[in-house]
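Just below is one structure, and these are the notes that go with it.
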Amino acid sequence: MKDSLKLIGSLTAICIVSGALLAFVYDATAARIEAVAQMRIAAAAAQVLPAHDRIDDAIELEHNNRRYFFSPAYRNEKDLVGYAIQFSTSAGYGGEIRMMLGLDIDGMTTGLVILPGHTETPGLGAKITEESFLEAFRDRPITDTNWRVKKDGGDMDEITAATISSRAVADAVMQVAEAFEAHRSTLREGI
Amino acid sequence: MTGYILLIISAVLVNNFVLTRFLGICPFLGVSRKMGTALGMCGAVLFVLTSASAVTWLVYHFFLHPDGLIGADLTYLQTIAFILVIASFVQLVELALKKTMPRLHASLGIFLPLITTNCAVMGVAVLNVQLEYSFSKAVVFGFAAAIGFSLALIIFTGLREKIDLAHPPRAFQGVAIALVTAGLLSLAFMGFANMVN
Amino acid sequence: MRVTRALRKLRGSIHPQYFKGLTSDCPITEMPIPQKLYLSMSQHLGAPAKPIVAKGDVVTRGQCIAEATGYISVPIHAPVCGKIVDIDSAATPAGTMAPRVVLETDPDNTESTTMSPLSDWQDRPQEELITRISEAGVAGMGGAGFPTHVKLSPPSDKPIDTIIINGAECEPYLTADHRLMIEHSKGIADGIRMMCYILNVKSVFVAIEENKPEAIQAMQDALANAEKIDATVCILPTEYPQGAEKQQIAVTTGREVPSGGLPMDVGCVVENVGTVLAIAEAIEKGIPLTQRVTTVTGHIVKSPQNVLAPLGTTYADLVSFCGGLTAEAAKVISGGPMMGMAQPNLDVATTKTTSGLVLLEQSRVHIYRALPCIGCGRCLEACPMNLVPAAISYAVEGGDYDRAESLNILDCIECGCCAFVCPSSRPLVQHFKLAKPKIILKSRQAADAKGAK
Amino acid sequence: MDISTIILTAGVIGGIAAICASALAVAAHCFAVEENPKIGELEKRLPGINCGACGYAGCSDYAKAIVTEDEAIDRCAPGGSDVLEALGEATGAAVDAFEKTVALVHCAGDVDNARHRHSYNGIMDCHAAHQLAGGDMTCSYGCLGYGSCAHVCPVDAIEIKNNLAIVHPDLCIGCKACVTSCPRNIISMVPASQKIHVLCSSKDKGPIAKKACKVACIGCRICAKLDESAFSMDGFLAKRNYSNQVSNPAVIEKCPGKCIVAVGVDNTQADQKGEPSCA
Amino acid sequence: MFWKTFTKGLWRENPVLKLVLGMCPVLAVTTSLENALGMGMASTFVLVCSNTVISTIRNIIPEKVRIPCFIVVIATFVTIVDLVMAAFVPDLHDALGIFIPLIVVNCIILGRAEAFASRHPTMLSIVDGLGMGAGFTLALAALGASREIIGSGTLTLWNELTLLQIPTESPVILLILAPGGFIMLGLLLAGMNHFSAWQARRAGKAIPLPATMDCRTCTLCKWGS
Amino acid sequence: MTEAANPIYTVSSAPHAHSGDTVRRIMLDVIIALIPAMIAATYFFGWHAIRLMLVCVIGCVVTEAACRKMMGRNLAIDDLSAVVTGILLAFNLPPSLPTWQALFGCIVAIAIAKQVFGGIGYNPFNPALIARVALLVSFPAAMTRWHSPLNTARWTSLGWIDGATTATPLDMVKTAITSGDPIPFSWDGSMAMRFFVGNMDGCIGEVSALALLLGAAYLLWRRCISWHIPGSYLATVVLFAGILRVLNPDANMPVSFHLLAGGLMLGALYMATDMTTSPLSKKGQLFYGVGCGLLTMVIRRWGAYPEGVSFAILLMNAVTPLINQFTQPGIYGHKK
């Protein structure tokens, strides 16, 4: 019995010490971990939406059962310059592809990035992350572009031998355009 | 229902625990010499993975999750809590088995401790949290992962029983040839890639 | 008397080139007595016989020179008169060392000691006949050389209802049994009747392959008016290994000897035609088994023929009796090419089981240059026991004898079909012969250990 | 840093630990199974290479045998004196001096010396060759050279050179695996300190032995006469008595069969070390 | 003494190449040199810390709960690493994924705790942890570098520092996929075996047997008993 | 040593007779059987077929020799198995594959998939298929692009003049079905005939079912292969494809398409039948063939890759040791 108590006691004691230590470390890192998430969005936004210095929490929209995160971006802390739109598609060859599209207040796209973590085939579908594919998505009017691959009668060049991935990206942007159209009023301030 | 079936197919074939996720390689290499031991291991893994999924899910959602009993976000304690719970649970079962069913213990029980320090069990617990599975999904996932592990282990044991009698060059004898074989097996499993999207 | 065909087909089988034409038409010729006879004490399966003569002793034909050393053992008799000049140890045709008695013959002395003929055998008790067979040194002449009296005294819980006379002679080259059936069909028929009497059995099958029509005819004639027994001449297709006991039981009676069992487990006794003849001679004439017909053959033998030679004749003597060789031999086989044993030289002497002596020139010698098994599965097709020779040999090669055992290596009859067909030229049978004794030893030790506890 | 968070965290994890530990303690109590702690104790002292030299399935099996069956403690050859001492300490058994032994092949009949009787065609394994007509060497005692011993040696200490098995004494760990593997029974363990050996196993009479092999023992008794304490005769074969060192090295010169050899000293076995042959 | 303890882990008893332990992270995270190094260093950190703590408290832990206590200590440091990496090297943290929490079940760490730290003084245990960790990192780096070079045609650190660029359009992607991991590790092990054999032969020593992963040789399973 | 007075006899274990068949002869038969397909490949793809076949055969043989030499074992290239592997590997490559990638395939096939295990007979997986899959995974772009057969440039150019590449029929069908589009070509009798003869996009050796069947007939006649594997394999595919077609004619192609398109014929007749990697017993071979058929169709229908033959056969290779264990024939004298 005494043995058992000693046994329980020592394990519990060690755990209590560990717990305390961890609580301390957690406390010390929590803020930073939180910030990392913000920083990531900011970094991506910096790529797709140049010239802003503040970005707010995203407005979540739903359209056709898909969710879109519109983060408004400001210059000089107050002038809205556009939105960084986070969205994703699961129509890729390998699975989900997460993207961010930049949109300025004139309704022109300012850039598209594929966020890390996609599973398209290296050498084929993975080419969607390359500038040569993505540049076609820049500087186009969001509502007046036929965001589809040429094979489907749209305006976008598909990547040779990776139509599926190209199509997935283009179609997803098309959906963004529709969502934007539908929710234009929700997105206050201007546009 | 189809959701569960897809989950199972995915865990067994497409994202096989051993061959594509690299979880539980140690027992995969270690107990694949003889079919008898491999089968024993499979039985033990099936049991432990399924029940560990359940136990860790409960611990996570009742104690660690902010919506649980405690009401505070203690999710960062998941590693330490999981390993503690799994290790104790497995040992408990082993002790009980040894006493009450010595025959079963001799065939399956001896593998139980081996599984404690094994990535597959811890992996399944962590994945359940990461993939935000419900309780029933978590249990099914644990079970399917174990089936995937067993499938890979049994096939691999069959191959190894052949290869152990082959004549590889000396440098390849032992683990090296086993790893190459596992690689080729994993290559064959790539045929299931992206089957469930 | 009936004539039938095989009840069923062999499961696996092969069709080697037979070359029986070399000797099948050569009548049995008796050989002049050689100068020296080398009588191995291990002429049969079981414990070797123990010499009861000493160096310098003079013996007469038919005199017992070595006595049986147990139940599964038979005595050995002097084939001719002469003087014992040496008792030493030498290799048997099987390659094992055994004591040997060297007899310097005295061809002019025709004296002989025989046992009393039991021509009224039908009125004598069966035990007496069995004792006679044992005293006459009769052991199986078709294969392993198992003491015949043991086979004829089955335990009471294993009733025998069928006797099968093995005249298949499925081995290529050999024709000794073939000629025996043609020339001594009457004696064989007598022997059959005696066996029936001893075992109290009516049903007899005489199994002969269809490539021996003359023998089939002769046996039919000899058995035509056999009263009191129900004899059947069973014509088998020409396929190797039709003559193997288990296979023969299956094709003639449809029964299957259980694994690890004996023919008597399914109520059968299988005897070679030569053995049957020896039984008849021993009982009716009181002559012990001291000579046998051996086919001396091969494309390089000048006049291949079926030789009736005393036991202990060296192979060199046999060859020179057949006129010597036309080209240098590269391989000398005691027995047939499928199951016979290759000999290191011609100094080895015949025994009760030497059914043939085959001499091959270099171009007919198959050299084993083993490749790994490529898994073609031909050996499976060929195996009459339905084993998986490829897997067994793979296991033996890798030293995994437990697996070999679990693959039923012990059921292998070493017929050689698998090695015959293997394109990788694997020494499959050698693997089995290598592993079987070790496995048997191990399981025996395990059994002993169990018994000790 | 909020002290209550720390207390909460520590409390939760401590609580989980306490529950687990108590459950275990209860279980350990309820399901206790007797086991001899000594076995584990001994096992720790064994090298753990599971080579089987002791004759058991592995180190733990041997440890068990020592405790439960009173098995001798000197059976772990690879462990040598260190392990013996450690085991002695643990069991309290008396420890005799541990003499290192190595395997020796009592044959010098390589291709140059021994004659072949026939040409063997079959599995490259001594047992298999021996099974067929008693082996392909004219000498029915000598090494067949198909390397069954080399095959079982766990440390590659045996090399087949010119059709003759040669043990490298400094590589041999004394596990005895080769001894039982030889169908000719010509390998035996000899003290590592002894360097002079009779490298012949032929019991044949002189002329027969001589005809079969150039370096055969012809049973002339010269060695036994020159050094009685170290050599004796067994029929036509000289035997080394390893409890004594060779006092008269002249035997090497005088042996007409040239089968008494100083191994590992001059141009002899150990000297011939080269690339171990690869199976 | 210290030096010997340190180098032991680097080569003679290299946990990956000689002892064949902790294979999961070795295979999973070595798709690039950077990940490999990250994993190696994270594990080394945990190894050193847990060795330190365990050898310090080794005398006050009751025998019966020895291993559970070790596990708790290890898990604590793993969690610390997890949190710190999430905060300061988030990309690496993402790339290593669940293999960070899985450090806790890495046999090497528990193995060293059990086999070394619980029997040796603190300083020596730290050195042992450093050596083993360095050996682990080295093996991971070798594997990661070779897989990255062949599999993606580059060798990059911290996302921008390109050390090497193979001028090819089509690298052998196989190498960075799961099968490539197994095969490359197999080849690496075979190379090591060959090298050790060659070394031994040159030194006239017994040729070491190639590593075999066999549960009999692992001491971990006996925990708690 | 003086010359022995007596001749030295050969002593070996029984049997002393042999059928005379050799591995080399079997391999030679396979090579002979592949000749029609080689001719077809050359006719349809011209110089590039010749280039690939030469590169693969030489690559495989040289790799084999080099490996054997490094391992210090006898060369054993005269058994011709490396030649067979080379030809079959070439047959599994698209005509435009760069030479260096084909060579990489040879090294994978012979070094990694065969010699590492000890050479002929010891490899658990089909070497040529391992190489094909390794290439497919490594260079998906190069391995899934095709230049059509009878391309005008097939004889005139060392490279391909016109850059136009297409997907194979299976690939097009798969792309169409997954994206819900109509199937881009019509499948009728004349189309089927075209495919049967070999005028379709695909790997150089897989296109002509006619040539492959001719060769297979020879192999069957020579008893190098038995009907069990190809028979059960093709029958399963027919059955499975038929059921799918009946259930949903819009999303599934007819049975004849599945039989003729892609590498099914090549796989079923020449690659699934590789003796080393397929079960020993006839019963096991039936299971194996059925397994191959099922997996092929599952991967074709639901998998990411348009073609499932290679993976199916490799997966069944993996379970072959298990099949061998569970299909031990009923041994004489054992209770059934």
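Each chain carries a letter (A, B, C, D, E and F) given by its place in the written order, and its residues are counted from 1.
The criterion applied here is as follows: a residue touches a chain if its C-beta (ideal position, glycine included) is under 8 Å from a C-beta of that chain, and two chains touch if they have at least 3 such contacts.
Source: prediction; values computed, not measured.
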Check every other chain and keep only those touching both chain B and chain D; list them. A, C, E, F
Intersection of the contact lists for chain B and chain E: A, D, F
Once you count every C-beta pair in contact for both, which comes out on top, C-D or B-C? C-D
Separation of the C-alpha centres, chain D versus chain E, in whole Å, is 36
For chain C and chain F, what's the span in angstrom between their mean Cα positions? 49
Taking the mean of the CA coordinates per chain, how far is chain A from chain C in Å? 87
Quick check on chain D: which residues sit in contact with 2+ other chains? 5, 8-9, 12-13, 16-17, 20-21, 24, 28, 117-118, 121-122, 128, 131-133, 136, 278
So which stretches of chain E touch two or more other chains? 64-65, 68, 72, 75-76, 79, 83, 170-171, 173-174, 177, 179, 183, 190, 209, 222, 224-225
Where in chain C do residues touch at least two different other chains? 341-345, 367-368, 372, 397, 427, 430, 433
Between which chains is there touch? A-B, A-D, A-E, A-F, B-C, B-D, B-E, B-F, C-D, C-F, D-E, D-F, E-F
Mind pulling up the chain D residues that touch chain F in the complex? 115-122, 128, 131-133, 136, 278
Footprint of chain F on chain C - complex, ascending: 11, 14, 16-17, 172, 246, 250, 256-261, 328-333, 335, 337-346, 358, 360, 365-368, 371-378, 380, 384-388, 390-391, 407-408, 411, 414, 416-417, 419-425, 427, 429-430, 433
Can you list the chain B residues touching chain F in their complex? 35, 154-155, 158-159, 161-163, 166-169, 172, 177, 180-181, 184-185, 187-195
Counting only contacts in the complex, chain A reaches chain B at residues 15, 18-19, 22, 26, 90, 93-95, 119
In the complex, chain E residues that touch chain D: 64-65, 68, 72, 201, 204-207, 209, 216-217, 222, 224-225
